[in-house]
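Take a look at the structures below.
Next come two complexes built around chain A: one with chain B, the other with chain C.
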Partner chain A sequence: MWFRKSVLVIPGRVIALMFGITLLLFPLLTADEATLRIVTFAAIFSLYAVSWDTLTGYTGQLSLGHALFFGVAAYASALLDLHLELSVWLTIPIGSCVGAFIGLIVGLPALRLRGIYLGLVTLAFPIILSGIIFYFSDFTGGEAGLYGLSRLAEDKITAYYIVIAIVMCSIFIMFKFTDAKSRILRTGLLLRAIREDEMTARASGIDTIKYKLLAFAMSGFFAGIAGGLYAHYIRVAGPSTLELTFSIQVVLWAIFGGMGTIYGPVAGVFILYPLTEIIRFYPYGEEVRFILLSLILILSLLFMPEGITVWVRDKIEQECTRCKVINAATRRTCRACRAPMYLTKEENANQGKE
Partner chain B sequence: MTVPFLQVENLTKDFGGLRAVEDVSFTIDRNEVVGLIGPNGAGKTTLIRLLMNILKPTAGKVILKGEDITGQKTAKIVNKGMASTFQVVKPFRHLPVAANVMVACLSPKTKRKGEWVKTVELRALDALEFCGIADLALEPASVLSHGDLKRLELARAIATEPELLLLDEPFGGLSPAETTLVAGSLRRLHKGGRFGRLHSEGPAMLIVEHKLSELMKIVDRVIVINFGKVIAIDVPGNVVKNKDVIEAYIGKGGK
Partner chain C sequence: MFVSILINGLVSGAVYAILAIGFSLIFGVAKIMNMAHTAFYMLTAFLILGAITFLDMPLPLAAMASIIVAGLLGVVCYKLCFDRIKVHETAVMIISVAIAMLFEETILLTFGAQYQRIPPFVEGYFELGGVSVLNQHFFTAGASIATLVGVWLLLSKTKLGKAIRAVDQDREIANVMGINVTKTSMQVMGISVILAGVAGAVTAPTIMINPLMWTNPLVIVLSAVVLGGLGSIKGSAIAAFILGYAETLVVFIVPDGSFLRGAVSLTAMVLVLLIRPEGLFGVAFEEERL
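Presenting the complex of A and B:
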């Protein structure tokens, strides 16, 4: 009953549900290893993009060096795996905890800085770290990185399911964590409030420092999970995970999908990442793909400035003007309060006469 | 000797070379409503911001209930029982009106653990009801008119259940009808009691206002400042006859 009343009536949720089921059944649809690999990467990157969205989209703390958390966790898992030979089920959580700790450290300047200045500081962190990694190349593998990590699982399909399960659970936790309408966890509302106006939040008696640091730690933790999964999936933790392009890419994915919504970055990654990978197989693909990607981004920002998911959502869903309950766009009356959602042309004309 | 509820000692604030607030000292008792008036640029808003530590004072002390709260975090001060509204309204524009107030209901002071029924929403609604904008509870704050935003600001402040309320121009930009309404609400709030689920401590108030005719009806005492200095602290009847006050407002030779 709950399912019918709160999921099946809202088209957006139906689409999300269908998407989730498709992901779970994906190995049955295709046995092609390359396709499976692309989808696995897309899942990992979507977790990474969602963690960026929690920090920047919801809390309003601009992070332009998000690869830091991803890379730190990847290296931490790799070092634990190679030197201490811990199991994958320990290295990834410990790696993500390192990510959360780094998040707290990066969060400290955020207590004084705001907007683009914070962005510049966060931008510097991964560059510093990659400098350190190149300097201590005996320990960190330098340019080549650390390779030969243990696999997530022996065969590809099990690895795929491990990644999908962890990513889905993490994204669900993030969704609950940032949901402003939640009645159980109030963090979502408070993070929104901090983004809207920090001064007012403080004057309302909210310790904004605590919540900002919490957002940084959460973001670092989940980006860390993504980093750990990535390192163990490709079995290499290299300096490419700390690159500037990787930090910027997450911004592009999230903005294309829609900032400040958890499903936006997921959609952004699952549309853009496979696209760029598929283009590669065509002639001149390697050269053309960034031009094409930029073109898509420019066009989408021109016509869908709030992101593709928000654009689609506004087409298929409408909010009741009276009780603010979300309805399918096809409904004539609100499903909660029975108020008419819109008037037909005839009704409109009649209303004028009366 | 009893400790005054709020004691301000030699509070001073410099903006570079400009001394905006100079050596201001006054006290507020627990059951008092005090007006703070002065010509434009006298330092009234600065004074309120200093009390809330939104601005750091250059020198001086703020003592609430015998405890020195100078330089403490704004959020901490709010949780000690002192709340303020802003002169320029700053709502969370993209959040619903009710959510604006709910944020204040979630501060450590007002958050009550182990409540049987989750009452954060209900308390927020009662605060809105008290200020007369409960019918707008679900609208985003960005669609509200200026008068409604002023009242939302008041609702947010009283939702923190303060013992001392600093109001920065609560009637600024309100129509005469709205002014009477809000003035009535303030008087009711000062008496204290319960408004639905919202508990009012019957806060002491410090009101900055330019509409003197309305203000004088509410307040017990008036503090007049000019160029950052206190020039008179007296009951309303005497303040309007005070020579320094008349001089500050309409210049020398005024009657």
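Presenting the complex of A and C:
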């Protein structure tokens, strides 16, 4: 059906397209290294936030310790790089596979626990691991971490494009993986069914155990890619990647952007992360930036509790009540079936009379 | 060494128990996962420091005033933030994280990041089984246990306590039975934050206070609450004592084990949850639908 694929008539898709193009052309717009660095970090963190969203937003398995996957993959890539001197193109995939494996291990308790219990157990894992890392500091570098990893690429712009390409592909894969309307993969629909009502899903013959573990592995894998990229980009894998604040940060980004949407977490990261970095450059910025950030968060959540993208989306798009095709909010009639999108005052009054 | 472990474990266990009870009360009654709970504990310690340095208040008065101010602040947070978006549970949790961050950064801005000390409520020490124990530790343990008994009396003997337990068990039915659920939730928020404040006030003289001191207790409190069984107040208090002793044991037995302190109690929590997912004292619901 032609109208499913159209881009230019739907404001949300136009924004997404323009955002993608801007990211690709970004090095042409500015040559400033600091700005480029901020955008690269934002891209890496958006992959990390999207991986959280796959697990928590779509599958409903609350993860409050997502830094575990990020940190484990960062450490794994770092160890492979320093001890075996593998190339970056091997360390990051192997690191992410380690992340996926850890995801499976963490997923095992998820089969017995749910909701807040699961959140608290997942919260525990990165803290336990960072305790172990501090204890065996000869092997893991302790407080300072492992440093001196090889670069992603020699110059900053190539590194930027490597990061952007990997991040975009991964986010696209996760978008397809979680898309409930997809005709190719059923996973999106199944994961959503598990989130809404696990018992009913199981009663309808869905192997919930398999799909829950799959969601954990996928989430761990992509968080792992983000972790590997991060470690190679800053050339350090330190215990800060396992901190509680880093696990909570991803939840902040994703919920601020809009949970369970994939584009929400991306928007959340690309709004909040540069904001925190930019405030730094102003006088007193370093001291007050987290105060400002927390105020912004509190206010935005009070008025947009479902996230900023969901709020904006409901303002600029509406679904045709007859054929469920998405239209721009400005249209009077549906672009697919020509049914009126909403009634005028007179029509409303007339309908009441009939 | 045995006596030191006993006393230190008792002190940290009792303080964690107060914090865990406050946390599990507000979670049970209002379904708020209040990540800012231990931030109120930190805030009270700094309010006391502020009251004695800037306002020259005597210490007991400063402690009282700070606990009350923290409690009022908790109610204000509830009214302004939690109550408005209570339908979105994850948003509530994130807003509490944001509140905790706001407190931390505000304190950081006013008092700085360095470690500071608050004078003890009672001076001196005495010998017990060959080790000298600070009187302040006894005061902390005594005050904490008195608070625990107070909470128990409040919950079991008063009308408010009955209302709290009723709302905790079933919101809808409590509402139908004529209990004002919104008002009870607000009162519980006040009580819960006051408990966090008491914990902060009695611990502050025994440790060095710092704006970041809320994260470690938060982790312990979360694990105590899960270990005891979410929703079981007795369970979370007992679990807090278990974790307090576990932590003290690790610090005393494993040399340079302070890094493993959090890790050990959390491992205990994960193991218990894997064996008995409903916690030590929780009730297992027959495939409960959330």
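Following the convention adopted for this analysis, the second predicted complex is superposed on the first by the 339 of 354 C-alpha atoms of A that agree within 3 Å, B and C clash if a C-alpha of one lies under 4 Å from a C-alpha of the other, contacts with A are read in each partner's own complex, and residues count from 1 in each chain.
Criterion: contacts are C-beta pairs under 8 Å (C-beta built on N, C-alpha and C of every residue); 3 or more make two chains touch, one makes a residue touch a chain.
The shown structure was predicted, so the numbers you read here are calculated from the model rather than taken from an experiment.
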Checklist line | Partner chain in contact with A:M199 - chain B first, chain C second, else both or neither | finding: both
Notebook entry, point to check: Who contacts more of chain A, chain B or chain C?
Noted result: C
Item checked: Touching partner for A:T208 - first (chain B), second (chain C), both, neither -> first
Notebook entry, point to check: For chain A, which residues lie in the overlap of the chain B contacts and the chain C contacts?
Noted result: 197, 199
Next item on the list: Show which residues of chain A lie in contact with chain C when the two form their complex.
Entry: 109, 112-117, 120-121, 123-125, 127-128, 130-132, 134-135, 197, 199, 244-245, 248, 251-252, 255-256, 259, 287-288, 290-291, 293-295, 297-298, 301-302, 305-306
Item checked: Sites on chain B touched by chain A in the complex -> 52, 54, 73-76, 78-79, 83-84, 86, 90-96, 99, 102-104, 106-110, 118, 120-121, 138, 156-157, 159-160
Next item on the list: Would you pull the chain C residues touching chain A in the complex into a rising list?
Entry: 33, 35, 81, 84-85, 87-88, 90-91, 93-95, 97-99, 101-102, 104-106, 108-109, 215, 219, 222-223, 225-226, 230, 256-257, 259-264, 266-267, 269-270, 273-274, 277, 287, 289-290
Margin query: Quick check: in the complex, which residue numbers of chain A touch chain B?
Written below: 180, 183, 186, 189-190, 192-193, 196-197, 199-209, 323-324
